[in-house]
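Listed after this line are the structures, all set down as structure tokens.
What follows is a pair of complexes built around subunit A, which joins subunit B in one and subunit C in the other.
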Partner chain A sequence: MTIPINRREFLRGSVAGAAVTVGLPYLEIFLNSNGNALASGAPLPRRFGTWFFGCGMNPDRWAPVKEGADFELPPELAPISPVREHLSVLSGFSVLLAGEANQVHYTGIVGTLTGEAPARMDAADLPTFDVLIADQIGTATRFRSLEMSATGRPEHSYSRRNATSLNPAEPSPLALYNRVFGPGFADPNAAEFTPDPRVLLRRSALSVVADDRRRMEAQLGVADRARLDQYFTSLRQLERQLELSLTKPPPLEACRVPEAPPELADSLEVGHVVESHRLMSQVLAMALACDQTRVFNMVFSDAASSLHTAGSSDTHHTLTHEEPNDPELGYQPRATAFVMRTMEAWTEFVQALATVPEGDGTLLDNCLVMCHSESSDANTHSVSGLPVILAGRAGGRVQPGVHVRGVGESTARVALTMQQVMGLPVASFGVRQNATSRPVSEVLA
Partner chain B sequence: MELLGEFLQDPAYRHVVLNHFPITGLLVAWVVLVAGLVFRRRETSRVGLALVAATAASALFVMSAGEAAYPAVYDALDGTGREWLDRHAALAGTWGRTLYLTLALALGALAASVWRPAWQAPSSIAVALAAAVSLAATAAIADAGGKVRHAAFRSGTHDHAVAAGGPAALRRLNPAQYRAAIAAAFGGDIEVTGRFEPQARRSGLLAVGNAQVTVSAAGFEGYEALARNVAEQIVAPERRDRLVCRPVSESGPDDQCTEAFVREAGSRLLRRALEDSDVRPRVAAASRTAEEMGDFYAGLELAALSLLVAPDFLFRVERTEPVPGAPGEARLTDDTLASRLSYFLWSAGPDEALRAAAAAGELSAADTLARHVDRLLDSPRYETGVRAFFDDLLHLADVEALQKDLVRFPTFSQAVARDAREQTLRLVVEHLATEERDYRELFTTRRSFMTRTLGPLYRVPVRSREWEAMDFPEGHPRAGLLSHASLLMLHAHPGRSSPTLRGEFLRESLLCETVPPAPADVEFALFNNDQSTEHRTARDRLEVHSTTPSCRGCHQLTDPIGLGLEQFDGIGRHRTTENEAPIDESGELDGQRFADHVELGAAFRDHPRLASCLVENLYKYAVGRDIVESERRMVDNIADEFAAAGFRLRAALRAIALSAGFRTAPPPSTGDAPPAASAAGES
Partner chain C sequence: MSFHIATRLVALAAAAAVSAGCGVSGDAPDSGAGAGDTWGFVVSMWRDEIPDVAPEHCPDGLNQNEREYFEIPRGAVREARERLGSLQAAEDEVFPPDACRDPLAQPDPGFITFDADLPLAGLDLDGVASTRAEGGQCAHDDFTSPDGRRGIDNQHWRLLGCTRGYQPDGQIQRGADSGSFIKEGIPILLEVTGVDDARNDADVRVRFASSADIITLDAASGVVPWTSMDLYEDPAYVSEPTAGRIKDGVLTTDPVDVRLRYRQQVIDFEYYFRDLQVRAEVLADGRLKGMIGAYWDIENMFKLRNDHRTRNRHTGRGASDALGYMCAGMYHALPRVADGHPDPDNGVCTSVSTAYHFEATPAFVIDAGAVGAND
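Let's look at the complex of A and B:
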């Protein structure tokens, strides 16, 4: 699937692009914002993502026994077998409650992503760490980050700057496609580049508003001023996006503009969700390959998973609580079937990234993706031994293929590792009992 | 005289009558004593000593009366009053002791003046010093006491003036309000298509959540796309006749025309009179763009766009100002009050007349305010306001996003869900706004509205293609709001009903009770699924909740009333059996027994918290936040007014709109308290 492009074509594209843009006003300020890093042989971008699923797994049937390389796959990890060379499994890591109550289906996810066990629902004010990573590596692309949910609900997103500033999810493959590849998208490999003159009009409108910031802030109290700050941060992000769209993007070998996916019915039936997730994964892979974003958050199922099978009165969540353990098998067969479907979907996701060639390897090699859940054993809402799987090599900084057991250790160690791998200058992460300065060095290259 | 005697029986009254002696009396005594010392008049000094002793002694009576009055006065006070009362009592307890010392010294000095004349002068000086300390102490005690005094002795309960409103807010428009704002500013034919940032529910209301949320990067992209789309339509060639002016030339700038447009559209969108700093940058930017693109309307489009993405359009910025003549107090500005009123009663921005009233300062004056409130309540737009409130309170917007298992519920569709929402809103509007009936009867009324889409679910024939008003006959299983498909399908799982979710919703949204979230470490193995042969009904399955101690505490709040609605399945169809076993709905709501859901509706109607909870929710909705302590008593009083008015919604809305809490705010320095977060329920 390599695309034959010679260097001369690259250069011609750039020159033609420059020729078009020179005639436009306001250009000076953009020239230094986005050099031809790739055309000039600079390293490929490194990306980070999370992949979330609800209601955990059965720890005894999911966590490998042997540590290090060459670990055997327990029954609930069997589906990842085709992609295991790209993965590391982390078992036993927990959100340490630090005296707080376990807010069911909430503490596990907020604790992992912010490093703090929240005192109550909606109380966590710390940013999720994907936002911190996006602040570092997401500023040069059109989208600082992309959030998506296969469940069809924009509110099924766990990425946020604080408790009142959620990054809503794209609720369908088509919505994701339109956001990334719809109006405003410039094909990096297109020979022609014509910036949209209306972009200038839009930028002027935004700058009128941005200039008014000080006057607005003077009228507000501290809490509201923080909310307004976020508003202007979001506004600046769009200004940045518009700036980028005025210059010709550097060509990208791996980028192929995908076909628009079909419109799907809105449904939480697991088969529907799997299909929606599959299509989203493909669109996302190209959004990454076309360098539209370097950070993403995919939700396969929500915390307290609302997925259900056609014709059943139970959801995955209600099954984890209400289905009796099968005395022969020793687990809940119907609830566990959802775990298997989830691990299959995760495998499909990894494959979607691994089949896109990029540079000498694949797109996945330049990604780091953290798969995680809010519970381990959802039946008891346990946040001990949460399931974590890492995929990709982060451009060579991560060495996949190991099982690390972190019994009694905080998931904040995983979060710290992710941030350091992505180049954030942080030495520690987490609050109180979850505070740590020790990355999970076993997964590092 | 008899009347005075009666008053003196009351320790609070005694306290107030006598408390001048230790202060003004002691001051006079001290002056006499010091004069005697300065002018070396032994007799004068002696009179001074006697007066000091007498006034210090009076303080003992004052303090004992105060102590006796404490409980009754405490009960009669609001939160701030209570704080001052406690401070007053604490000061008296500590510094009141100086009066004992002064009394003892004065008596000693008096004795000395008789038996040891040589000691009179030094002992009198000691008394003068002690009395000075006591004076300072009584002044401080009295100061705190004076701040208690206002509310304590008033009779009657309609005492709104004591309340001080909580902090003003920055409130994001919801999608319906956004659409209404566009329609009001540019005409109803402008299409608003695109995506809005999801809303967040806090303290049971989206209106409270909207005062806490911000706009994410993705959300802002969405708002800008909406704005672009609207701006393009406004300046589209076929609509140009409707703009406020025509440019001298279409191919270049016309600052005068642009300014006229910005002023007109801007004052509507921003809900206030524009300042030059709003207008000038927009006109200048429009001028540049019109010049560069050779198109006047491109400039105008820019100006419109910059208004539509302004934070003070997407957010209602509530502003406060000092109250003239009352230092330390703050109130909403007239502009802000106009917005608060119209969003509260119409769920839309203020109209021309209300903006004019605000500009004329008529809203900050109580007498003229009432006139405007009544006009808003008399307007046809009042129905939209009632609709919007109940849509929020009953979570009805979520109904249209519902997903159900279509194998189990083949009759369910998005059209059914949409009509179910509308059905509830139609009943609410007719019952409460059009016919102004008793709110409580909403829970027993046989009245309903039907469409052909809903007919099969309700098993009633519907003749016309339009909405049809109808009355269910006596004995029919449908009665009141609780039997509405909208609420029943919303508080359920995709494949079945949920007594727990239904009970939780009714407790929290209609009775203002808090149902704690489930403990984390529940032994769920006790549950069985609904195909089980031994546990055929939900009641059987939920039996575990009531027999397991760790579950019972919370589930006894939710399950009994939820089980009272079990004859309605996961989409609100009526049934009498589950897995061939008969469904028993009987139970108890806070002491009132019911046999089935019809009686449950009657139990809700008679529940003492039903009406006061509605008032609390209306108030939170009006101000966009939780009720603060200084408003608590005022809100209780409004609930009393609501009851006295026969539970007519209009009376509650009017009382809230005129209340002090609705119009005032804490002074700026204390207005920064973060809003209280509430626990969201978990199923």
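Let's look at the complex of A and C:
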């Protein structure tokens, strides 16, 4: 007689006197015949990420003219040519200001991520939508989300739950590596699994708390029980995370624990940032393949980009304002060089995800990444026609390879699309002029 | 439903509202309405007159900003910022005293003005084709418009024509091209009353105002016509009516002082225009298209351009750096180019003539003060 096995089945035992549950690996029998979903029909994990760069582009040289498939690549999109099959380009989408002043290098990013044009700096209190997605898909992994900054500055992060609860970025490849693959990391492909005794202790402490809670609840009125329930909701989240740490993770085919990256000097020189970003991308790719997180936010350069070239103290930001247009070229050559380096770095990032095999495709096929900036023409701080590029297929829900022009439309449409693709039950997003209930259907499979 | 039909339906509704005594204006110029019609508009395009200039028009080159003038390496600010933890503190340490906050904090470094002649669109504000050689109070050289009208007053261009941000591909032009003026900030309203004939009427009244509402944009970022726009609550930003006339479909107005709220990017202030005038064609679709000319109070202009802040940082220096001039130089140059409103005590002129291209879309201008809750 064959006993059916399902992937939620656990092996139970004890380590050093403590009870431990050990999960079964991702055996082939758990996958369907196509290798793109679990045998139950549940899809492989979908991941979502943002990839931010500062100071935009030159709209006339960046935005394709032709809409739909087979669009041409204007000069500033030429670097994405090697990965264009994985991408869709969205041009013309804007943060609609609803009469508010454009808070320079701030409104563009806050408006795109929260769906609200802020009245003033630090006035917006809505969560960025990556946090909403993480709340939905990030609770079954070790990290709800990972934030990274290739600039070496932890404050260069735009993910936040509200105006005061920012998610600081890992500022270096090594810091990211240590966070993901340092203490607390359980290699899903390792034969042995030893639970962290500190975690056991913390869980034990929580169990005591839970016992106390039951005793207290029996003596409380309805209102107090509601308040207590709110408080314990966060504790339950912690309990779930601890349980996860005490469960042997299932083996993951694509997961390889990478070598620790070198310690890099702190520098905003663009070549250095490109190298830091390249190393971070590789660490992140493995963090995703090892299912340590399903949500991430990468900052390549900060809003009002502080990047500079070797031997020059002119930053990208100041060049966008102070460099004259070359009369022959018709654009600012030194500032534009940063745009080209940025698009090259974005291409490297996409390649880092696209070269990791997963199921019958690649890691990128199970991701959706939104590349965006806070400005279009940074010279005037314009938030009209912001650059947006999507990468990946989100497990088959997104069809790349198109150019969508959204002249006069809010970037909230893009944010709504991202949330719906990632499974959030939301019908609308954004406030005032940015409120929308229309996803960008052209990118959907 | 076609736009034209919709327009007429809305115009009928407006006429009904006016007849009921509400303070609403907005009949279409082509609606065929009777004597004493009121037209309302919201400004849907507004841009500085920036002519096609060439390097030879500025033989001494363009103005320098503070960093260039004092040869301050950019890295110095960055290093100081990381050491001091504040951009404001870093700028205070690295730069000389901030003349954008206090224009007398530095001596006059000079200012390159535009002294060439070239065709320039605008209005003849003083009715005189003047030259500096003739001398006299507020002497200045007028321009000739591209269509050959002499006496065009635009000393604002004399001041800033050799400044990087005011070149044809500079920040001011690029900002106007992006339509930022209508997408953010506080709209400008026009109201024309007493219109008996949309093509020829010798006696109309025109007033200018800021609005308490925001502009409604369509899917292509165009201004939606026939929206309701309340006048700004503070009557300081609603001008007195001035006399106007329509001749062969062109509206012109007599001078009137106008204050308008201004909120763009880091600036939250007001325009103070003296003797503002309009010359605009009444288009067949009901819009206005033409030019606004005025004398811009120089103290107001200096503050609007240079004296503003974001959170704890004074941003005037950053703005002047980006546009390519020094605040101290501008402050001292302004009285030299000013051509209007001489101070009766010392004869120094206190305003500079300027010109803007503008378009205005029909709207219902609503005077909340005239509309009672039970009207």
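FYI, the second predicted complex is superposed on the first by the 364 of 445 C-alpha atoms of A that agree within 3 Å, B and C clash if a C-alpha of one lies under 4 Å from a C-alpha of the other, contacts with A are read in each partner's own complex, and residues count from 1 in each chain.
The definition used in the following text is that a residue touches a chain if its C-beta (ideal position, glycine included) is under 8 Å from a C-beta of that chain, and two chains touch if they have at least 3 such contacts.
This structure is a prediction, so every number in the text was calculated from the model and none was measured.
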Subunit B versus subunit C as contact partner of A:Met121, first or second or both or neither: both
Partner chain in contact with A:Ala310 - subunit B first, subunit C second, else both or neither: first
Per-residue touch tally on subunit A - higher for subunit B or for subunit C: B
First (subunit B), second (subunit C), both or neither touched by A:Gln433: second
First (subunit B), second (subunit C), both or neither touched by A:Arg215: first
Contacts of A:Ser301 with subunit B and subunit C, given as first, second, both or neither: neither
Partner chain(s) touched by A:Ser88 [first = subunit B, second = subunit C, both, neither]: neither
Which superposed partner A:Pro154 touches (first subunit B, second subunit C, both, neither): first
First (subunit B), second (subunit C), both or neither touched by A:Thr380: both
Subunit B versus subunit C as contact partner of A:His105, first or second or both or neither: first
Contacts on subunit A seen with subunit B and repeated with subunit C across the two complexes: 101-104, 121-122, 306, 308, 313-315, 318, 321-322, 324-325, 379-382
Interface residues, subunit C side, partner subunit A - complex: 65, 73-76, 78, 164, 167, 169, 171, 174-175, 178-180, 183-186, 213-215, 217-222, 263-268, 310-311, 321-322, 324
Residue numbers on subunit A that touch subunit C, as the complex places them: 94, 96-104, 121-122, 306, 308, 313-315, 318, 321-322, 324-325, 330, 376-377, 379-382, 384, 407-409, 433
Residue numbers on subunit A that touch subunit B, as the complex places them: 25, 101-106, 120-123, 143-145, 147, 152-155, 160-161, 163-168, 170, 175, 179, 197, 200-202, 204-209, 211-212, 215-216, 219-224, 227-228, 230-235, 237-238, 241, 266-269, 304, 306, 308, 310-315, 317-325, 379-382
For the subunit B and subunit A complex, residues of the former touching the latter: 167, 169-170, 195, 197-198, 200, 202, 212-221, 224, 228, 277-278, 281-282, 285, 288-289, 292-293, 298, 301-303, 305-306, 309-312, 314-315, 317, 319, 401, 403, 405-408, 493-496, 517-518, 520-525, 527-531, 541, 570, 668, 671-675, 677-680, 682-683
